[in-house]
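Right, I'll just put the structure down here and ask away after.
Residue numbering begins at 1 within each chain, and the chains themselves are lettered A, B, C, D, E, F, G and H in the order written.
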Amino acid sequence: ARTGDPEVVYGAGKTPEQVAEILATLHARHPDRAVLATRLTDAGLDAAAGVGATLDPVARCATLGPLPEPRGEVLVVAAGTSDAPVAAEAALSARVHGAGVRVVTDVGVAGLHRLLAVRDELERADCLVVVAGMEGALPSVVGGLTGVPLVAVPTSVGYGASLGGVTALLAMLSSCAPGVAVVNVDNGYGAGVHAARVARRAAPRDDVRPTAAAEDRP
Amino acid sequence: ARTGDPEVVYGAGKTPEQVAEILATLHARHPDRAVLATRLTDAGLDAAAGVGATLDPVARCATLGPLPEPRGEVLVVAAGTSDAPVAAEAALSARVHGAGVRVVTDVGVAGLHRLLAVRDELERADCLVVVAGMEGALPSVVGGLTGVPLVAVPTSVGYGASLGGVTALLAMLSSCAPGVAVVNVDNGYGAGVHAARVARRAAPRDDVRPTAAAEDRP
Amino acid sequence: ARTGDPEVVYGAGKTPEQVAEILATLHARHPDRAVLATRLTDAGLDAAAGVGATLDPVARCATLGPLPEPRGEVLVVAAGTSDAPVAAEAALSARVHGAGVRVVTDVGVAGLHRLLAVRDELERADCLVVVAGMEGALPSVVGGLTGVPLVAVPTSVGYGASLGGVTALLAMLSSCAPGVAVVNVDNGYGAGVHAARVARRAAPRDDVRPTAAAEDRP
Amino acid sequence: ARTGDPEVVYGAGKTPEQVAEILATLHARHPDRAVLATRLTDAGLDAAAGVGATLDPVARCATLGPLPEPRGEVLVVAAGTSDAPVAAEAALSARVHGAGVRVVTDVGVAGLHRLLAVRDELERADCLVVVAGMEGALPSVVGGLTGVPLVAVPTSVGYGASLGGVTALLAMLSSCAPGVAVVNVDNGYGAGVHAARVARRAAPRDDVRPTAAAEDRP
Amino acid sequence: ARTGDPEVVYGAGKTPEQVAEILATLHARHPDRAVLATRLTDAGLDAAAGVGATLDPVARCATLGPLPEPRGEVLVVAAGTSDAPVAAEAALSARVHGAGVRVVTDVGVAGLHRLLAVRDELERADCLVVVAGMEGALPSVVGGLTGVPLVAVPTSVGYGASLGGVTALLAMLSSCAPGVAVVNVDNGYGAGVHAARVARRAAPRDDVRPTAAAEDRP
Amino acid sequence: ARTGDPEVVYGAGKTPEQVAEILATLHARHPDRAVLATRLTDAGLDAAAGVGATLDPVARCATLGPLPEPRGEVLVVAAGTSDAPVAAEAALSARVHGAGVRVVTDVGVAGLHRLLAVRDELERADCLVVVAGMEGALPSVVGGLTGVPLVAVPTSVGYGASLGGVTALLAMLSSCAPGVAVVNVDNGYGAGVHAARVARRAAPRDDVRPTAAAEDRP
Amino acid sequence: ARTGDPEVVYGAGKTPEQVAEILATLHARHPDRAVLATRLTDAGLDAAAGVGATLDPVARCATLGPLPEPRGEVLVVAAGTSDAPVAAEAALSARVHGAGVRVVTDVGVAGLHRLLAVRDELERADCLVVVAGMEGALPSVVGGLTGVPLVAVPTSVGYGASLGGVTALLAMLSSCAPGVAVVNVDNGYGAGVHAARVARRAAPRDDVRPTAAAEDRP
Amino acid sequence: ARTGDPEVVYGAGKTPEQVAEILATLHARHPDRAVLATRLTDAGLDAAAGVGATLDPVARCATLGPLPEPRGEVLVVAAGTSDAPVAAEAALSARVHGAGVRVVTDVGVAGLHRLLAVRDELERADCLVVVAGMEGALPSVVGGLTGVPLVAVPTSVGYGASLGGVTALLAMLSSCAPGVAVVNVDNGYGAGVHAARVARRAAPRDDVRPTAAAEDRP
């Protein structure tokens, strides 16, 4: 694509045949680059496999062609197990867009000890993707622990007052932690693209500014 | 009032003269009980002082008559300094409705160390009132730290996607911490009443069930 | 769990196999404690029965392991027959979380005589859970009759202007009865947890403050 | 006007001079009929008085010219004292449109004894106008007590989740009491017009069908 | 029921067996009165027929037992052919609640000549039920043609900006024609009940006030 | 401007000095073309007059420089007197953008006779601008009377359920009359631009297709 | 129809049999004019074919009878491939309503070069229909390139914050390009009707005012 | 602060005295670091100047203490002149958080030539902040031109359907350009923080991947 990024097929609303054909066509044009297909049904995953694609069933995604050399590191952090598909879509999207990726799940705000246990990992990343549904509180807590660039992804997990993810979306936009940037509900793909662009351009970690001590805060 | 609670004057939309007159009338009827007035303007506070009331300017409230003997303890926890008026309204309302009260402020989720420092205090209370604006994340974090009954109060602090407190309200209702009960935006009064009713009926602390260890969680 | 409460499996979005497996695993870890599974499909209920769980088909819930000794009493009050599943989820959740429970149904506000007939029962409870859909008026009426701590549960019963339960939710948050605390739409579970925490810590009823006479009100 | 109703001046957004001039012009055309002006500012009321109008300061209305002979009876019932201006607008509007009118205030659902005390009055009316803000529960309770035609008026009294009267509006539209018809927020005028049209055409009370006993209900 | 109205079964969410059983039980209690069942599925209609009920398939309703003697007249006016089920529910509900009923359909505001052709019929009714979806404009036009009491029913006909009937609902509440009272989206039943209560108590038509001439309006 | 249209100054949020200076600058560049300023305060109108502009106080607009030769005809139709400022903004905008303009006001849907009296005028126009607040019904009625291109402008006139003009906006978008195109709330300017572009390019009226007879409709 | 336009059958909610019968009936009445049916299911398309209609499967439409002589030209511009059905409905509707039509697709704002490549075509049209989902940005960009009358159609393409097309709708109504008029979500039909009315009445292109140079803009 | 970022005073709701005092206190603690104050009133700006702060009146901000050495480059792009205050807040915030900053204004989507003229500048930046109100289309267009990380800021510029900035917010979240991350309405501060974190960690430009040619796109 014109922006230097890989081709991506948005699978929602496409037939398995369409998915397979578009994957094959794009792959033939640039066999040395990966093509990504997202939002695939079971049949869409099968059709993708049929043209030789590698499947990520949790993310409901497939890739065809070699992944780029990873540069920098994106860390995907997810609150609950129901958020796993969105986290996986973010991770694969970031990887396909040229970043290295790690994933940490089940670190919701109602179980802080698990989050605090991965605190060093947060600090080592070049960009964070933080995925949470329901009240969408996780980005605020993570954003208070580190100054690494952070993209928040609200998910549609929840019911009633969760409004299909809109509550988590509004909450993340209202975060009291500064610098939290937000993408659409369930948009792991968009978050992965943003994070990969940040991470793959990041300088090596050794010139990172030291974190000021907590007691500095008035 | 019929429910065994003190009389309360809702000051919004009332003239200072009306506030003063209603306070005096209700006090004369039961001089041995406190009357509470909330949502007072500066002039309303002055008028209340003029009939002998005790003022709480942060809470924008006044009381007239002796406060009841405190039974049990309500702990009010507030996220930011802008949430202080709502926290103060909750605290005074709980106190007037018969509970003992303590207040902890500035323990927002983006600064977890301050919250973790008061963890023991949370556990010792008979009921918690948790006040937060913007993304309203604090009740989820507190609710993950303790099993004490918890009432959450969203505040109208914030702008844009905060929707005047509605985002915090929806977030608290969607909390991933179980048992969080919620009152209206800025309704410190309602939270204080609920919490006082719980606390003043609570048995002494020594029969509290021991907290299970963190590693029990699958 | 870390807060001293039993383990709970949220069945929505889980396969029957997942439900059965999680129930069995959690039960094996602490055979002396109950595990609760909620929001089960018919197949999920069957799978739970298959690992020895006790079913509550109205609540769409199952429990595995011995229930705790009941302490205190939660009274669940529901407006209409369509609200029964939510009321049952609240009741079972409260029971599993350590409280004794009673349920009264079909006491909607358009038939006051039925509600007034159970007035004494309301007063004897340690905590009330009030369940209603459509306009969600019942908590206001009950809250005007008693000073017992009250948690309101809006249900998604209704159509059009009921907005899938949001109208009842907003109405309960706007209640003119003081001290009404509210949980998410159809969240019987959350209400049951809050109520159980209140009830199991409540002192015996004999020290309850006498209700002031109705004529006290100005 | 073409529908056989009196002329009405909507004062909102009009200058005092405009209000006075329109009142005088309409009155000159039909000196034997009343003209009604609503939503008047203090200055608008003064200007109306200046052309000889009779003022109703609570309703923020004025009338010029003789009121019609009252036919039938409209009973206006209001929940709280803050609802008084809307109730007064409804009452005067009904009176100007040809009905007799009575008003009962402060009969909110959190104080049922006051409402039950006026139960016979409800039954004697030809049409009810029920005014309430906040959660808007009163029409459901009144509608469960009587089969008299009932128009509900939500008011903008409340804050936060009351959404400026929209919550009461939605609640009234979702009422579980059958036959409740609703007008716009704070629209006492519209309710008064509807109720007067019903009442002034009603047959005398003696042919009213007897109320079935409560125990008939399954 | 306690308000002097017939028993009504709300069929939504009930099994055919439940519908049949409730109809039979209520009918057995008062064989001389009609019972109404609404919102029936095809299977529900069949089950109702199986216990001897009379079906109204357009309205998706059934009645069991003799209809009451009609008193007064309700005229149901519907905008489009898609509004027919709601109009039929209103008509049958009004009839079961004791009024005579006539129905006029396909008189939408984009074809005024059809509406103007029935103008005299509007004037002769004791109460109007006006049913419309999409922009919900019909009540305003009808309300400008006559001073007969008018209940408006928004329907869920439309898409996109029609918001499932909410736009028509809001439009009807905002009507520039005075005295329009509104019920919930698709709530033909509620409109029929209100209209029947008005019509069955109305005095004979001969004492109707003459309509003032159009040129009176300033 | 690049689209061949005149320069327009949006006065909202600009100081009187800024308005005057921009008007003068733009006028100096092309003294033979009109510049339009909209949304002016009283002081803004004065400042515009100070640089020689012609004022339209009802529209809250000013023009500087000669208006173009009028081509074609735009007819602006407004429902109520409160809609006059928006109608005037639409009319002046259309005129400045090159069309001839006529305005008809006070033809609301609750007084059909006034609208029907101007029916021939509707048919003669090259484009219609239909302005209405509250329920926004007028475009549907006008759109049912003629096949002339029609742009609808919702206004913020109304209260409560009118939602500041959003209800009229949604209603117009849901119009049952085909071909109604809509602009933003109170956006007389946008409607005037669209209508002028249509009218100034329209062929002379004599080749207009004859209107089919009403009885053709099935 | 009375406005001089062809008959149109709205297929949504109609059975295939109803569609076929209405098409045949309307066609028999005026065999020399086309009848249009929209929103057809696969079965509806088949049924239409069965009575001799010509199908447009992308648009989900059918026509029966000869199309009118095309006058003027409507250009339909669509952002993405998912917008194709709405674009096709607009195109066919415009054609059936008497205009010539061309369609350009896949010119979304994130690929400006494709849009700029068709710039001359935009300028040559008599009316533009611009179709876009998601953020609905295309009409603003097109409206900045040309002064041709423009109707925007938001589509329901998107998820989460796209709110089923409402975001695109609101965005188009808020367009910073002047003169953009908007129809309902997915309402290709309404846009086609508006555009055809404009185009078929437009004078030949040779008298079009020359576009001012870009550097004129201050 | 704990995240390695400078201290920031949120001026909204603070008195000028409070602003001055907090600035002075924070500055005294770390005289070698800048403190930033945002959302200042005129009086707040004066008070900040009184303690020696440097003012940015367009941004309504002040800084006290030396700015850090700039690392990397943030480019702030704004659509309209009304968006200038938000753009300036973003620019100053990014600068205070350690990045170099440039600003380009008045490049709205309705005037593409101005945007295309700065295309090279977009490509050279390490992070983009794109500010737009009304329909919020600019991020989609910019995001289609470059693969540089992009943060979008919706502003509250607009009226009616713009919903105080919520429409632009939703549009940006729905952007068809991949990788657009969004902050709250008018939150230039948050965007500046995110962008500075990205830019100050970015590697030098010379290793940027070449942009693929436009014709690659299928």
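Here, a contact is a pair of C-beta atoms (placed from the backbone, for glycine too) under 8 Å apart; a residue touches a chain by one contact, two chains touch by 3 or more.
Because the structure is a prediction, the values reported are computed rather than measured.
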Path length in the contact graph (chain E to chain H, fewest steps): 2
More contacts between chains, B-C or C-E: B-C
Chain located farthest away, centre of chain D as origin (C-alpha): A
Chain A and chain B: spacing of chain centres that average the CA atoms, whole Å: 39
Averaged-CA centre spacing for the pair chain D and chain A, given as whole angstrom: 57
Geometric centre distance via CA averages, chain H-chain A, whole Å: 24
Junction residues of chain D, two or more chains touched: 2, 111, 113, 143-145, 160-162, 169, 173-174, 184, 214, 217
Touching chain combinations (by label order): A-B, A-C, A-G, A-H, B-C, B-D, B-H, C-D, C-E, D-E, D-F, E-F, E-G, F-G, F-H, G-H
In the complex, chain C residues that touch chain E: 82, 111, 113, 159-162
Chain C-touching residues of chain B, taken from the complex the two chains share: 1-5, 7-8, 22, 25-26, 29-30, 98, 126-127, 143-151, 169, 173-174, 178-184, 189-191, 193-194, 197-198, 201-203, 208-214, 216-218
Touch list for chain H against partner chain G, complex: 79-80, 108-113, 116, 134-137, 140-141, 143-145, 158, 160-163, 167-177, 214, 217
Touching residues on chain B, where the partner in the complex is chain D: 2, 12-13, 154, 156, 164-166, 169, 184-187
